[in-house]
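Following this line, the structures themselves.
Consider the two complexes below, in which chain A is the common component and chain B and chain C are the respective partners.
Up next, the complex of A and B:
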């Protein structure tokens, strides 16, 4: 009988006026959850006023509850009549900074599970949600995946409001719009959509809202869960949303007209839409001299290309078109390769997989063993394999170049693995034709990529300076007059033309 | 068919409008289209050192007929040839024209494909059956056709940059091997011979740009089709002349006549300081890029024709089907590579209805129709 009425209550979602019934209901809802604690309070001047607060041990701050909730309720001299207490309590008695009244059980459950305290008042059919959050979060530190030489070192942590505060501090403007939504049927994770109103592309925003509505999942633990639901080209290994753990990066992208998506519980923030060139851009490009960083961009771009093509190209040259090499080099390579049992393809694949294994174990192991393992990998495996004539020495160099250049562009680490293997397979079967065919297919695929309706590769049509100033070179700041035109219609970033004449 | 300005969400969840290509992309497409096959097959046609004059005359004739093509585009902006033919001639004759032009696109793609697979087999992969190479190339062009014309045009722009760089590279590197006097004596052949050679060059490659009429619905109304065609043919002809002259000056007339693939043979001779020797793989790379572009464009035209003919929406099955037809035609049209080289004599007559007759008919019909429309409005 009690179950049925609690079911009814839950489905009708409404509190009753009796304090005892409400608390019974709370005990029913949180049955077997021993951390939900209740505290009965009576006002010392008028003992007919009864209250009960429900708190979630570990998520609440005891100081706030003691000082701002229990003490005012106990000591308040304000005269209250049964049935009309709620508003007076809100305005004159309780001294927390955020109060919300509700009569929905669902809201109460969500509030309790995040650290709010619930106040039930005898005789009222509404409860008050009081802000008393006091859980611990990780300290703000530099994210280990995005280290830079010079510049801000703050990184996001797992609490949504702290992350938002880092971004809001940097954009002191009322045009920064922040909207909340929640996802995850079981976890009700809060996500936050952030954009600058005057610069953002409204069509992309509308498309984003449309796609977010299609998300249907158990729980959202990380922003990658959301990415995989809302991205374009779901079957492509290339990223179509950006991710970052740094607030300065997020603010930079917001200023260019992008939208940022924060997920509670994850320090990784998504930025969309995403252009292909962003794979090669890093925030420290803007904090260091533009000569240095233009060269770095160049290196990253070529690193990506080398990482994909070097093993396949080596196989093409060694197995099919030996005439390309100068004669002395050719005789050296032939000498190295005599006595090696495996054909070049198998060597390449085995060595690449071996290197990936070493890299993966190096990430997961504690630091002490990691060092020893890299020495084992380099000296023992590499050197011994060559001495045992299992692998030819030039192949080691090829694999080393491939592996090291592959680390230059971390955002593309997923596609690089597959593209590399595909190119090796095609070059091994069809020689140069296979190589060219593979490269054409990759180019077509990259040109096909879209991000929220915007093509990721802008056509080479607009080869004016303002379009390419931030792609393969990094133009100086006094020349960054326009925002990327693919992202937004509000183009002008700086007013005035060339502001570099300070001599 | 998506109209301009209409916004659709296609099966990949992409919000798109009808895909348009810009003028620069269109010019690059025409240039790479012209470069693709001709640099491979060589443009000698028995003229020896006078072939460059034949190329020039062929280009001029090509420009003349392209004025007709551009005029048709001008009269019916943002519509392709199949639409226009149906609009002018009604259902039956219109459908007949569509069938003929689609067949021409298929046949052209098959010709180019066979050229390339012969080339690859003779030069690189001697023991691989040609069917395998054809299938690989058709897979690439099929993927490109499935991706849409905007992706194709962006790809062509990137490819043409690479092609230009390689041509420049080989021209610069060949300075040591060049014998400038190979171009003399000029005009040892009489005008009739040069004239007939230039007619051959007109049919292959310059007038093949009729295929672009089938893609004309992606060219914006505001772009000038005359400029597109003339710039494209001019730049394409320049590249072909430069390539030919480079080959001539490296190889000399007798070798040039005998070689099946003169660009390739010429690149083998280039030798700078023992480091840059036998760099013909770069030429190979160039030619394959040109071939992929040309076959893709023809495939596109054929697919569009089939879609309009049978009133179907674009999907993977048409691409597969048309590619398969191209594969069959390609495999069975010649018995040997010698037949392939001799075919140009037949081709210059066989292509006349497609390259001249049908476009001129459509042009005359278009002029009459627009004049009537202007009189009634």
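Up next, the complex of A and C:
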């Protein structure tokens, strides 16, 4: 609309001083948009003072407009002169918390569509943008994707300011920096970059700004839109930026020197840089006993390793290196395999895809149908396939282990699918040789991953407790002296006196 | 780019030593061989192999499957195995062979080395198979017998031999690679392999381990009964359990049983220029397992008496076995040669020439020392 009208009349980029002309222009800009409401106001003490407010129904709070904008304008006894009243209006008449002067139509359009009220004043070539946002947002609730047993249960919602408020409440410090940018040629989505000034790695910050500049997109609906533009190794299935829906996680990452990137309209907040170990970390690790959570870490590591290797290794054993099996196990597997028509490889691929289908339908379905699905999955596919000798029973166990362990590391679900299939293919053609080759390729790839110039894996050349305290185990808090060395130059987290003096 | 290419080549290169052999083999196309019995067909002088495989077809929830025998003949063992395949739709999978049963004719007349060669040389066979000697007319009869615990004779036999050491101590387990170590060792230690025979149990013909077979070089010389083997194991310090039964004295022939819990045998020797003397210091820790007569074991004298009786029984029986090995089989079943070789190679090279003579003439002194640590009952 804007483009069309501005092409017709170049002069309409800025406001004119005639109220009627401006209102005509508003009507012209928002033609065919029935939600734009206008209201003419005349001051009751001085009828020469005419105003018109423009607001977008549904985005505004009627109470604010009635009480703080219309009422003072109508009843104001402040002496005003036509053509010189803008500043007096701002300072003495209108009682909203945010007021901004502008003479740019573009700014007016963005403000109206975000719930601001525009005050056009007769005889002024400037309009006032008054904050009157009053749209409803989803309630703050625990994010269903990141449930925990204990710890803060707040989750982000879709409104940027509410999200920021949850973070600010947790870091009551002037070093928390919050900067806005807007992206999307059509959506003008607000994006907020958030970091702690004294902890953040300035190089990473500069790199982030540089990459953000390259974004060219018409709309941003979720933080993943941004992720795919700014991430490293764009073709890798491994994540190189983190995401979360929890304010406590964001604050934890900020304190370690990371940067958070909020996107208006999405509860998912990006955190970067992203280390490989973060795939295995959960905020709950820090809220429960470190004995317990260290074990959980161990489970997640093994879950990842098992999930990618179990089917491929099974194929290696069954098709190439039966020598590793003890006789009893060998006999059992031979017995199960006898009479099954398909080779183990095809069996594995079919069953794994079948499981992914079940998983995908389970996620999208309404909750009521989920049960029916699990019955179909467990009974029809599992039991019957085995008793009909379509699938060997050990394969079902293998698929079950693969599937369950895969769920331990939800952040790696994308790479896991592809790695698993790649390993299966390589194992099926080259046996253990292919398996080892596949593992080597994956290791090489993971060791090569960077996030904003920082290697995702820590090198082993300088192995110290402070480097591994939060990797394979979760060290106790009084031993978490340093921040992750890869992320920040400001190393020490604890001040000297409270260093673990228990030992 | 070149760097990257080289890295990829190196990555693939390192996989080869990391991963071992490469060979596709569908598990539903193999037949698992658990045991092989080797006989000699007297008519055409071929090896006659009886191969036991696991028949999984009937199996389901009721156990691990049945035994299935297939025969094959050939000039060599390998050829005989290949010939057996002609009767089978599946490939024979020989990596899980548990026992190699050799007929006593082959062992006595031609030696076991040629028969075992393929089992150690071939890539697919595993060197941990246990060679055993059949005391029946043919080795095949062993595989044709039935098991008590399991349906697969070779597996049952292997389990019996494996668990023998700690419970019954009546035979000696030795894997095929160790067999070859001894045969090629040049120290003239006698090879001792388990011997098996068939016996009747509840009207069924079942397999029983029956002591050991003693070899000179690779030729069978004779057998040690299970009891003799038991004392032989004392002499070579291989005992880890088992029961010794003996009478208290001449007047009281009722038996006592000792359960052996620990044993350490120290071998030493002296050589004064022409006479070789070997000492065996046997210190045994045992528990009193059974007493078949009235005796107050709380009395110190009585315990001493039991100890003396045990010492005497050990002395006599161990000496008897040693004598049998030296005189009857004319071989060094206790590894005296190995001991001398290790401690004094010069002396060994001197004695080696005339080793048979030294075996015959050497003096052996057995010095048993039994300690009874537990008498079980109090009163």
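Keep in mind that, in the parts below, the second predicted complex is superposed on the first by the 484 of 503 C-alpha atoms of A that agree within 3 Å, B and C clash if a C-alpha of one lies under 4 Å from a C-alpha of the other, contacts with A are read in each partner's own complex, and residues count from 1 in each chain.
Heads up, the rule we're going with is that a residue touches a chain if its C-beta (ideal position, glycine included) is under 8 Å from a C-beta of that chain, and two chains touch if they have at least 3 such contacts.
These figures come from a predicted structure and were not determined experimentally.
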{"item": "Partner chain(s) touched by A:318 [first = chain B, second = chain C, both, neither]", "value": "second"}
{"item": "Contacts of A:207 with chain B and chain C, given as first, second, both or neither", "value": "first"}
{"item": "Partner chain(s) touched by A:369 [first = chain B, second = chain C, both, neither]", "value": "neither"}
{"item": "First (chain B), second (chain C), both or neither touched by A:353", "value": "neither"}
{"item": "First, second, both or neither for A:305, with chain B first and chain C second", "value": "neither"}
{"item": "Which of chain B and chain C A:333 touches, first, second, both or neither", "value": "second"}
{"item": "Touched partner set for A:431, first chain B, second chain C, both or neither", "value": "both"}
{"item": "First (chain B), second (chain C), both or neither touched by A:444", "value": "both"}
{"item": "On chain A, positions contacted by chain B and by chain C", "value": "320-321, 323, 327, 430-434, 436-437, 440-441, 444"}
{"item": "Contacting residues of chain A [partner chain C, same complex]", "value": "318-323, 327-328, 330-335, 337-340, 343-344, 430-437, 440-441, 444"}
{"item": "Of all residues in chain C, those that touch chain A in their complex", "value": "7, 11-12, 14-16, 18-28, 30, 32, 34, 54, 56-57, 59-60, 64-65, 93, 95-96, 98, 126, 155"}
{"item": "Residue numbers on chain B that touch chain A, as the complex places them", "value": "12-16, 22, 24-25, 120, 124-125, 128, 132-133, 136-137, 139-140, 143-144, 147, 150-151, 153-155, 157-158, 161, 274-275, 277-279, 281, 284-285, 288-289, 292"}
{"item": "Chain B-facing residues of chain A, complex", "value": "203, 207, 211, 232-234, 320-321, 323-324, 326-327, 430-434, 436-437, 440-441, 443-445, 447-448, 450, 453, 455, 457, 459-461"}
